[in-house]
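Shared chain: chain A. Partners: chain B in the first complex, chain C in the second.
And now, the complex of A and B:
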């Protein structure tokens, strides 16, 4: 490609959104009063929990809506043109060309039957049909190069399923930038990616916006990620922006109670803030309260708050908040480093020696040894492919292609749950990663929880139901949840149910396999609080499997770092963070986004 | 899994299926009351004729030996002789097979594109009148046995109401000299297989149209036509191709009734006549032929299913 072509041009108008409202078919607003300005070359972070309307807002930037929603009022002005007023035919000229979208999950957003090179070239085929095919291919190659993908013919001819998740997401980003658009909307593009891939993707996004002088909106539930990439942040709650300001300013001095709570929910890599969730859930569009929508969950709420929607007020430093008590909001408390009370070494509950495990001819774990002391929480930290799930499943008896020795409470523990006694099966419980698929959709929550008790402990039906109801209250769901079905529950609620189900057989060891990775940061904090509490109250031992190093600091006393099927570092949490011995651990620490500026 | 392995595995399964079918077909001949020769010739047969037929059918040999020599013959293409006409069964099959294949190919050529179009159209008009009408129509047709549809068609178009098409085929002339006789049997078969394909096509299409990649294609500014032809159709053809092939396999059985109803000289009608004449060697050979066709079409269905899915196809490259 000729070096003279400078992708992107200066002096673009950027994005200007005014008083945008998106309604459901029944006329209930999903988002309203949305005002955003994103100058060319800048990145706006849009932060919100699930249900806040952040994806709806993102799609509205392309004048697109889904699932029976419609843009009811307002304007989306890009480079001087109001997209909200264009016809579908006119919009087609804009979408993909001047404004593009990077979806959340690249595994489903790429067409499985089309080669990736073609899939990216297709955008040019429709929008730049004036240029020669060979030139279009060169543009695709340049786009691949920019996002750090191979540019050879062989790679272009691959199908999406032949690529890793990180590569797929980079294809999505290449596709969005190949036309040098004026605005790119990125909807949680790093969810589900490892920290190393995530930090690469974030860096790439930043570079591309700078280079092409294009405006970007980066949507996420995770403030720590957004701070990494955004110049300015808007916090969305229940369909309206509650706070907006320059990234560092907003995170350093939040002026809305919700933002302050969101910050507290982000696990702190330095361990100087206590991890705190936000009680309750964001209201759905038709149950939003009058006045301030955050009032039911707000600690600062006063009577005046419920009277009318608080105005969006300037609080100085280019920073605005929708709160009548903005002046009283305090940043999350910082305290001295947490010091883990060093218990006198407890008895080991589970001892793993020389463990090999795999699937058929593939070895996943090699000669792995690990000691889990009773009553503590041991984190198993690793990226995808490290073998952490295989290890967790082997210990829980869900995987039996393994060799080596396991000892549980001093006794030999066979592989495979069918070889274990009922008592042992009851003593080791497992909580799965995805609360959306781990609960039987046809069984009521109460039945699901009661089942292990009936199967493993032979408890009669009535007692089991009573215990299930008690268990529900323990995990802070009311007992009347017992009659509901999983699809009536939010992700966080389902995961609580899964925890209740795992705890009802009164296990000694609870294996938590990435139990928060499918959840919003604020909900994650709640679940972490919950299992920590259970550990103290029930004297549980926890094996906490995760890829999130920041989370580890807030839950575990001991950390085993897993890489390529071997433990590369095993240390008390404090030592791992203050004095990491292995380069891999250090790399992970460096790449993890934090709120600390 | 590679295509090669799919083919080999399914072929092995197919051969096994044919062996089982041959066992059943052969055993059925053994179970006839009295002996097969008497069953063929009836009560009035003379002892000499009975003896002659016994010779011809090797009825005095032990059954297992007969079975092995029978399938040995089948495998080498020797289908035996008809006990009625004394001609080799292969000769009888020749023309009938051509006629049947003609009918099935015609039915498939009409039914497949028609159903794919109808299913797609129905999916695009989701929950509108056209969609509901299609759903109801296909449901009704799917629940009607093909002989009912056939009789209604005969009633409407060749006897009572209109007399547009002949009701029966003139067996003395080649079918291609009287193309009008093909119309009603073809329509009957099309009406029998289309509902399933249409419904499957609609369901798959709806799923694909709601997929993230179709949404994403629209957000890329791809015109609706291209979204449909390039993104949605290729991804919905795979599962539908298998249903199409299964329906074709069904046709192999379905033609027995339809050919009989329209007196159409094909394999199906041949089976019917063989039963009527108690012509056991012919019957057994024809049933085996239909079974073999069934196996081959199912194999094709699997291969198409693999080819349409790059995830499975990957291993083949």
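And now, the complex of A and C:
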């Protein structure tokens, strides 16, 4: 309770990693040349896209590797002890006690059969069995209090499934900090959480590291989140750190082209920076090029770049970059966005009136009304549980249990897709959130894309195949992708295929349900660019469902904010951002992490 | 237009990430598993024996060649059976019926089971409920008891054996495959097909069936094993669906078990044949199951 009991082991040495390398069993390096210093009480942000090796690097800080990998060289020195040299038995005493880990997904990380209080106490039972049980319970209570959870008996006796995602993640954090460790590794702890919960969790992490004087590594793919919490940032690309420096400095004055492009791919809440993706994809461990790994995707690349892995160059106080052209890297352009003037009075394409929808006895949408003007992009903004997916699915004919009226192009629109005419089904297309489950793994890409054309437009096989190939090129994939299967494609490529499948029937309305939330930021930017381009070229009307308020500013002309199954604010994008009318919108705006801070 | 320039170069810039080769067909993957290879060799040996056997047999299956139950009657390899017929010739002749019946039972059981699973796993509530409750009731009876009951009514005709043994498989196969269908039908590509307004049956065969082939193959292998055991078991009880003097592995065991101590070959050989066949098909089924698990893992990454 009182601040006096907080143990702040003075004189802790922090973490010092030198030349760490993690190999696969075949000897292919996954992480190379990793040097990190995290003094006690500081937070290092480790940023990278999927496949960059950030989780592998994070686990290596605990001298742990996933199956098939091993620490091949280097040292992980914590408080003067090299963890990489310890035996398994010794490591078991360190892990959980001196070094701890907060995994990404709390729903699978917590034991569903253990009450949460007990679950946290278990760590102490194991590592601090010397102290009395009553004292351990007091420690658990203190840990709960520190992460902002109730400390009463009743809450302690709950099971993980009785808590919200944010509360579950705070249990995970309490577990990590309850033994007062010297190092905590947090692996994307806020990825599945809403912005409001996310900002609370970030504050908690910051407070705890300050109070306990412990070093922390915060792993994330999202630069905007990392800037909120970290003192220093290291940017990881294809298994090596490419740039490292103080957080504000690195984001404000990036000196590696990759960092600079990564910043450009983060949606800007102020809407002053244009959203821009990075062409291409990061190489996998066995296809990494010689020299600078980013060279094949880099606009500044010269011949010298491909010769050898560039050494770190000092480019500022405590700021270094692995780039021989570091001096030529310019921060992402800040320029006034062209404000796309909406047509004066576009005809409404879709009108929703008094819509009620739910599952069994549960009401998800209540008396919802919404007008989608033709030719524009309307964003549907809401946090998880707001009913945004239910609304999107109802419009697409995938949710039947609904009442109210839908009017599409002036005609009444029935709820189920079976009740709709072929022409209407072709005119409303849907792109799903997760490209890993929206494509049939046993169908070739070309087959999947051609299918709506054959089913909805009655086109014969050969013509459909030809049109599918054309469509692939339109979404910037080559036509020979048609013969591939989804498991040969990266996430971004799959989502392009899903977009191609949705567009091939020449729809008037495209419903995009969180289509970028399963993707990396650079890929997200690419997909958003693609969708925007398609909208202009094909005269599409878009309903862009998302939880990301910053993204909204970059895609939509009009925003409908959904909360608890009702639309609480519906306004043109610019007005929503400059003059939000509803408190909920304002809260969301305040809590969204931004690079500009 | 400038946007277009910005992201052009997509085709060549994108290296072949994760192009680890598409999941080569399930069977090809299964063939790489050691136990499948061993199982296939064993199965092929026994099946080969049963199929080619009738042409190689030194004597007719009904010919008397010596004293009954003689271990080393002249001119025979493994002696004579309880009536004095050549054990080896009867072994070579007695496999075909078991094999054909077992395969037919499996096809019937797995085929109908799959249909039930596709209807129940991707259907409206009450149909699913009805089909599954019926299968619960059927599951309460041991397969052999059901088979005996119906064979007692219809007599040991081959079609009756196929029907009863095959029908016994249906609820078990349906239960397993329904779970697989249920899993697949919650995925977005099925939603996507629904949004196109496709008929339920074309979704069942176009989207669901190709994605449950893993468990389907496993079930087929497993059911074949059980069918062999059941058909041989029925043969042992004299319900082989054959003429009285025709050879049958199950029947051979029964006929000659009284002379087990005097002439063990007459029992041992058919036991070995059935045993090896069961082990072989079981190994193959297990290998396919392992390969299927591997494919599934790759898919949900």
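The rule is simple: the second predicted complex is superposed on the first by the 589 of 597 C-alpha atoms of A that agree within 3 Å, B and C clash if a C-alpha of one lies under 4 Å from a C-alpha of the other, contacts with A are read in each partner's own complex, and residues count from 1 in each chain.
Here, contacts are C-beta pairs under 8 Å (C-beta built on N, C-alpha and C of every residue); 3 or more make two chains touch, one makes a residue touch a chain.
What you see is a predicted model; the values in this text were computed from it and never measured.
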Once the structures are superposed on A, label A:297 by its partner contacts, choosing first (chain B), second (chain C), both or neither. second
Kindly classify A:175 by the partners it touches after superposition: chain B alone (first), chain C alone (second), both, or neither? first
Is A:64 touching anything from chain B or chain C once the two structures are fitted on A? First, second, both or neither. first
Contacts for A:94 in the overlay, against chain B (first) and chain C (second): which applies, first, second, both or neither? first
Hey, is it chain B or chain C that touches more of chain A? C
Kindly classify A:280 by the partners it touches after superposition: chain B alone (first), chain C alone (second), both, or neither? second
May I ask you to decide whether A:195 touches chain B, chain C, both, or neither, giving the answer as first, second, both or neither? neither
Could you say whether A:123 touches chain B, chain C, both of them, or neither, answering first, second, both or neither? first
When the two structures are overlaid on chain A, which partner does A:247 contact: first (chain B), second (chain C), both, or neither? neither
Do chain B and chain C land on any of the same chain A residues, and which? none
Show me the residue ranges of chain B that touch chain A in the complex, using the header's touch definition. 211-213, 215-223, 226, 230-231, 234-235, 308-311, 314
In the complex, go through chain A and note every residue touching chain B. 59, 62, 64, 66, 91-97, 100-101, 103, 105, 108-114, 122-123, 126-127, 159, 161-162, 175
Touching residues of chain C toward chain A in the complex: what are they? 3-4, 6-11, 13-23, 187-189, 191-198, 207, 210-211, 213, 298-301
Residues of chain A defined as touching chain C within the complex: 51, 276-277, 279-284, 287, 296-297, 393, 396-398, 417-418, 420, 422, 425, 429-430, 432-434, 436-443, 448, 451-452, 455-456, 476-478, 484-485, 487-490, 493, 501, 526, 529-530, 532-533
